[in-house]
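As written, the chain order gives the labels A, B, C, D and E, with residue 1 at the start of each chain.
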Amino acid sequence: MTGGAWLCLAAPLGGTIAILLCGTRIPRAAAGWISTSSVAVAFAGAIWAFFGVHSQSRPQIIGFGNALPQRGELTTAWTWLQSATGHHVFSVGLQLLVDPLSAVMMLIVSGVGMLIVLYSVGYMDGDDEERRYFAYISFFVFSMLLLVEGGNLLLLLVGWGLVGLSSYLLIGFWHERPSAVQAAKKAFVMNAVGDATMALAFFILIAHTHSLSFGVLSVHLSSTETSLVALGLLGGAVAKSAQIPLQTWLPDAMEGPTPVSALIHAATMVTAGVYLIARTHAIFEQARTVELIAAGTGALTLLVAGLIALVQTDIKRVIAYSTMSQIGYMFLGVGVGAYSAGMFHLLTHAFFKALLFMAAGLVIHAVANEQDIRKLRGVGKLMPFTKWCFLAGALALVGIPPFSGFFSKDSIVASAAALGTWYGWIFWVCGVLGALLTGLYTFRLWFLVFPGEPSPFVREHYHDHHGREGAWTMLVPVGILALLATFGGWLQWAPKWHPFTSWLAPAAPTLAAAAPTSTQEYFTSAATVIAGLAGIAIAWAVYSEQRLAIPAAPFLRRTFEHKFWFDELYDAVFYRPAAALAGVLFREFEEPVVLQTGPDLGETTLAAGDLMRRIQTGLLRTYVLFLAGGAAAVVLAFLIVR
Amino acid sequence: MSGPGVAWYIAIAGFLFGIGALGVLIRRNPLIVLLSLELMLNSANLALIAFARHFHNGAGQVFALAVMAVAASEVCVGLGLVVALNRKRLRLDVDSLSELRG
Amino acid sequence: MLHTPHVDWFGLGPIFALIGASFLALLCAVLVPRAARRVAAAAISGLGFAAGIALAIWLYVDSASGRTIVAGTFYRDRWTALGQIILCAIGLATTLLAVEHVPGWGSDTEPDRRDDHVAEFFALLLASTAGMAFFVGSANLMVLFLSLEWFSIALYVMCAIDYDLEGSLEAGLKYLIVGSFGAAALLFGSALVYGATGTISFHGIAAAVAAHGLTGDWFLVLGLALIIAGLGFKMSAAPFHMWTPDVYEGAPTTVTAFMSSATKVAALLLALRVMGTAFPHDSHLWTWGFAAIATASLVVGNLAALVQTNVKRILAYSSVSHAGFMLIALSAGSALGARALMYYLIPYSAMAFGSFAVVAARERELGVPVTLDNLAGFGWERPFLGVAMWFFVFGFAGLPLGGGFVGKFYVFAAAYRHGWVWLVIVGVLATLVSLYYYLGIVRAMYMRPAEELRVRTDAGVVVGGGSPARETLLQIAVGGALAVSVGSLFAVGPLIELARHA
Amino acid sequence: MNALVVASVGNGLVWIVWVVAGFSLLASGVAVVSFSNPFYSALALIGNLASLAVMYLLLSAEFVAAAQVLVYAGAVMVMFLFVIAYVGPRREEAWSGGPTWQSVGAVLAAGALLVEIVVAVGLQASGHLGSDGKVGPAFGTPAWIGRVFLTDHLLAFEITSVVLLIAAVGGVILGSHARRGVPNPEASTR
Amino acid sequence: MNATALTSILIWLPVAGALVIWMLPLSRYATGSLAVLVSLLEVGFWIDQATRFDFSRSGLQLAQQTGWISDLHVSYHVGVYGFSLWLVGLTVVAMAACTGYGFWVGRDRARAYFGLMLLLTGATVGVFEAQDLLLFYAFFEAMLIPLYILIGVWGGPRRLDATIKFVIYTMAGSLLMLAAIVVYGLQVGTFDLVSGPSSPSRWLFLGFMFAFVIKAPLFPFHGWLPDAYRQAPPEVAAVLSGVIAKAGLYGMLRIAIPKFPDPTSFYRTSVLALAAAALVYGSLLAFRSRDFRGVVAYSSLAQSGLIALGLFAGTDLGFNGAVLQMVAHGLVSVSLFLIAGTIERRTTTGEFQLLGGMAKGRPALATLLMTVGIISLAVPGSANFAGEFLILAGVFQRAWWWAAIGAGAIVLAAMYTLRLISAVLHEARGSTVDDAALDLRPGELALVVPLVGLLLALSAWPAGITRHSFPIGKAPTATVKGQFR
């Protein structure tokens, strides 16, 4: 199975290098195919690894440092970083871990990745820097796989940073657009903040355990240290998964090409935070408070994002906010301890959110890159296939049975209820409200864009692709994902059958406290489905038939449109002060003090030299005078001292 | 012998030395400066002779004689310079020789 | 019944060689036809110095144990021999430097008297070197004073020998008068010391002081002070240095090169000898005295050099500051200090001579005084001289391109051994300041943009050194200096051995 | 023979002579420094030298005294007078100008030296100086000097001659009229 | 060949090369190729040296010693330790690249130029190999001379002020060090670094540190840095920040810390504070500075601060990280300055207002600059990340807030580096960027690509350095405490 893991990791990197080296010697399209096939190979490797783990009957002890039996295997290529520290040796290998959790993630990343890369072949066709795009995207898949396969915390951080890098590269892919470049920088810097907090957490671990293998997460530290470590990791997770308070980069990231949004900012990278918490649940369980903070963050985010999504007019941004809000659900899940539920939602979300983005991409592609939903009314009539696919995704998103979202989302909310504590119920309420909002904004989008007569703008700008709604490379993946979004959820229905949970159990067992009873499950499902339907109904009433007028709440509307003023806040609190400080330092210290001190001293010395020159009058008598005076002085001194 | 002790002679020599030094310091005519230098050398000579007398050994007197010769040589070169200056129609004023300065 | 003392002719060999050569050169002036006079005189001078070096080396080898000769008036020891070797070497280099452009030629506008005083110049050069050779070996105050006057008078004349140039005359007169004043002070001091101890021989003085406990004797102290003043004048240490920049600037550059190196060597060596042998019991006085003078020289020399534009003046002030450095060694008053001084003198004299020689070359190709401005581009036109110059100035600055580096190190070591960290700090700061003008010279030679290279001379505008005369001998002289200054960095060990045995 | 003289005249006279000589010595010295005309200064110096010679006699250094008179009052001063005559009498105000600190410093420095020496002498006189005994009759006679010169200080003697020679050469170089570039009206008139 | 001879050969071969170049009247082309050949030979000899080095042994290796100044116990004593081996490697590689750059751009007055470059190589290698204080000082100073002339002759318009400033500043430090050396050497009776005992004197420690903090430089002793880095020719600026600055840090590691243990611990907090200040201050000023070289200059100030943090953390991780970071940052800043040079050759400027949009149609330039930039901001997985991670982990063990400051500075580093990248490559095309500004030529690629390749190799295996800078199996702190014996 490790062979599969290595293959899975190496293939996309190989693709990148191949594309870079070939450069302009290969046609543009070829780059796309190299990339696609490399990711396909990775998918094959992932399957190999998956069945490897599957066939591994008995749990065994793997090199975790701790003696807990696990399923899976740890494989090391070479020592990446090593240093003595005291009597111990701090050593980090370039090692991969194949266990149920990483196997699932590998499947998601490479599988969905493969579909999206294939989709990009059509989508990016004709862009004059296609090769660069595919090099980047294969590099992203590599980084993401490194993240999920990384066999120790440092390697996980490496993958963590590299996905951030490739996300930066892809967001800023159209680098002539200032907005794109800005968005890219923003994304990278905010992620760097997360990386920094993670690094700090690791420093604590190193200081106390001299190691960064996953095993050290279950060793016992003092409660403060545990909490600090957990907080550090949470910081990273929050930044990467665009949760409050580090969420502002995600909507801007929509500047990137749509497939990028689908792959990185919907299906895989942004969900890495969830994976991180699931992977490091041991430390979080030691610091339960922090874990609940994570859950709270999720709950808050899913509401805030839902509210903001209500007023967005850019089709991709609406979906982006829905992503934030769905990841909020996942955080809620893993936060309360229902790791498998969170991971399951991650899986289904990857399906339907990628689907939604790519369907949106079809639309954008067909109408000359117009993204404003107010102009796109009635495009569905011209693009039936896209329309139905999108509908499937939308229903899955809202969580209407039998679509996949229903199965995953509800069990999360249910496990919140399972806590039975006051905050448990708060989380539950948030979840249900979130379902309402989801229905509302999703179908606002739907009703605004797809049904009805095409608007003149659409008629004017719509152009099909050889009589189809898009290149087959784009339609096929959308189709496949539509099927997955529809039926993928049947993999597990918590009250009745739960293979997914039991599969993950060895790696991330659900906390007993977060295991809902069947009643809670049914009850919650009913609540959320009703909420979702209600949302849909309101959306229908408001945006389709105009039965209702939107209540005029200008303040609320402005709040939502300004995304609760987070950008303004950060600009005022962090960026401006830093820039101002730099300016002040330069004007007030660097120039006058640091750069000027030397020259000033020099000037003083030269002035002294000038004095000397004035003494040198050229008058012979002066010279004799100094000779005599000097002699007199020496004599005097000697007579005195003698 | 009786009469003024050596100390008196040295005192005189000291005075003479000071006067000569003053002359070198304040006069501008090179000739007079040279004369003042002679004064200084002579004061040294006086001291030497006096000490020779005091110690009853000849070194002092020989020294004095040698100094005379040296003084003569200095004067010789000095006067040569004065002549050269004069030939270049320069004012005989050491203050006017201040091309080199700073 | 008159017992004339036995004269150790061999012990005086180098001096006699020089004097003899001097007389021969003088004879050239009258016997050799004008056409051949220059070459003949130069050849004689060269041979004289060569002979001097040879004899001095022989003397060094032969006199492992030092003793005084000619009725205890002259030292025959390795110390003297070493000093004489250095002095003769400088003289030889000066000869090479002078041959192609003898001071005293007068202006080229009068071709009929291009060989005016050529022979006399070499005679004086030889004579003054002989005087210095005597000076470093003198064993009593009288010989000291006489030999001092000997080479001083020769130098006065050499400075003024370009008497068609007002600057030369002025330099001569200033040097003469200030020098005579200094000599008078030294003489009076000697008289007082004689008065205090009743003897004029160095050993005798020390013995008398020891015998009668004259350490604090008024006359002795007074005389010592005046002697220090007189010597301080010769080594151009502040505040007795004031004549230095003017004379160095006014004198013919060849003469300046000779003075700046040879005079310092002689004066410092002798000062070390006098203080060590005659006044060991007053070291508590003269160590401090020299330390103070050293500090003054470092401060004055370096500060004043900062603001100069005339290169000869810069180098003059730098020689003042180096007098300061060497006085640090002297003021340590220890064997280490002596070695330090001995060692320092070798690269220093080479660098001083070499730098002035380079200036001379530039001066000859421009026909005007060399300033930082008209030095522009020199490094590119005359690569060898340029490289030599930056070796010299960086060596002055104590950068590890030459013995100057090790010399400074030695000097500081000596000062620290003597417990004077403050003096080390002073030296360090002085070096720091000195960097500015040393670097300034290199900057002028290499880093000025091309358009600054045009300089105005009395012969109209010339592009700096357009087609300079190839002065092979000058380049040989500079090369020799370069070899010595760089070689002394690597050959520290052997040189120190020489100094140690001296 | 002078020893007899001194012996006969006795102390009082010695003192008187000393005082007179000393006075004229200093007076002439001051005169040398303060005359505005070099010619007078030169004459004053002759007087100075003469009184010095007397001092030497008092110190029983006949030969030196004689040499003093011959060499100085004879050769050197004559040389001086010639040059002064050649240059022509030039008047110059006695006290030169220049920077004020210059003059002040001049007086201070010279004064300081003078005072220091005299003070030292005074302090010393209380010490071992002062006393002084008889000297042998030969002391200071030419013969005696000659012996000293040829035995103990042979080298000095030789050096002196060299110095004189060099000075002569120098004087020739600097003073020589030969093929002078600069036209010299005085020379032509003379 | 005798293995120990290699140590001296590495120092004197380039010097000999310089002399040959000055002696022979070769053509510009011949001169350049000779110089490049010599610098490549250096690399070869270094590889040979590295292969002969026994990383498991502790103590000085491949050492040579002959007397120099016998009566003061000063000797010509050279040799290498693990970490100095890496720094020598950095030197020869960087110098080879920079000499090659000089050859590629065809510097005028070729003989002088290449001679000086070779001289610089020899002196710098000497600094890292010298095992005698006076010898160390000699080489430390000797580096200045070629630098002075290189900057002063081939530098930018305001080069004269820059050179004077640079030399005076650095000499101010090193002269005090000379005083300290004299005192130390005479106190302990030897100038030998290996046999010399440790000293408790705080003054001496300060004397040495003064020289090193100016050379490194640390805040606020960097007054010479901005001008020097802006006015120097790009390849010389590359050497300055990539190699010469490391000499100061090397001095801390080799001399200041092991020879003065008590003063080190006494002043530890102060030095750490200076280092942290340099880190934050440098990053802030890099963030506001308006030209390519300004950013790189201030960022290397920040990096020096970071490395000093690692050194004075006094922990094993810190030492290992510092050595790794010295090499990694050396390579990074050399590459960055060379790229800056290529850009300035095309656009005549490094001003951000006048640049931009260069990525379009210049894939090689874009890729290389992007790669180096990304590595220099220490993206996880890069060699610089490994170094910074170890350093901060190490200093964390000293006190958590140092690491916190460092982590903050990492975010700042991301900000200014990305700003640099996009100002040059992205958005609208700058006014000076025209079609005449071509992509990197093969010659330039041949210079930069190997450096980047080395960086990537180092990123793939940072342990290659961290395991081999100090004797394997011995804790660095122990080694340092034992004065590397």
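The working rule: a contact is a pair of C-beta atoms (placed from the backbone, for glycine too) under 8 Å apart; a residue touches a chain by one contact, two chains touch by 3 or more.
Computed from a predicted structure; not experimentally measured.
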{"item": "Reference chain E; chain at largest CA-centroid distance", "value": "D"}
{"item": "Chain centroid nearest the full-protein CA centroid", "value": "E"}
{"item": "Selected pair, greater C-beta contact count between A-C and A-D", "value": "A-C"}
{"item": "Chain of greatest Cα-centre distance to chain A", "value": "D"}
{"item": "Length of the line joining the C-alpha centres of chain D and chain E, rounded to whole Å", "value": "71"}
{"item": "Whole-Å gap separating chain A and chain B, where each centre is the average of the chain's CA atoms", "value": "98"}
{"item": "Inter-centroid spacing, chain D versus chain C (mean Cα positions, whole Å)", "value": "31"}
{"item": "Where chain B and chain C are represented by their mean Cα positions, the distance between them in whole Å", "value": "26"}
{"item": "Contacts with 2+ other chains: residues of chain D", "value": "96, 98, 106, 109-110, 113, 116-117, 120-121, 124, 129, 152-153, 156, 159-160, 163, 166-167, 170, 172-174, 182"}
{"item": "Per-residue overlap in chain B, given as positions that touch at least 2 other chains", "value": "6, 10, 13, 17, 20-21, 24-26, 28, 34, 50, 54, 59, 62-63, 66, 70, 73-74, 77, 80-81, 84, 88, 94-95, 97, 99-102"}
{"item": "Where chain A touches two or more other chains at once, by residue number", "value": "602, 613, 616-622, 624-625, 628-629, 631, 635, 639"}
{"item": "Chain-to-chain touches, reported pairwise for every pair that qualifies", "value": "A-B, A-C, A-D, A-E, B-C, B-D, C-D, C-E"}
{"item": "Chain D residues within the chain A interface of the complex", "value": "96, 98-99, 102, 105-106, 108-110, 112-113, 116, 119-120"}
{"item": "In the complex, chain E residues that touch chain C", "value": "22, 67-72, 109, 112, 134, 137-139, 141-142, 144-145, 148-149, 152-153, 159-160, 163-164, 167-168, 171-172, 175-176, 178-179, 182-183, 185-186"}
{"item": "Contact footprint of chain E on chain C as seen in their complex", "value": "336, 339, 380, 383, 387, 390, 394, 399-401, 405-406, 408-410, 412-413, 416-417, 421, 424-425, 428-429, 431-432, 435-436, 439, 442-443, 446-447, 492-493, 496, 500"}
{"item": "Residue ranges of chain B in contact with chain C within the complex", "value": "6, 10, 13, 17, 20-21, 24, 30, 33-34, 37, 40-41, 43-44, 47-48, 50-51, 54-55, 57, 59-60, 62-63, 66-67, 70, 73-74, 77-78, 80-81, 84-85, 88, 90, 94, 97, 99-102"}
{"item": "Chain D residues touching chain C - in the complex, by the definition given at the top", "value": "116-117, 120-121, 123-124, 127, 129, 147, 150-156, 159-160, 162-163, 166-167, 169-170, 172-174, 178-179, 181-182"}
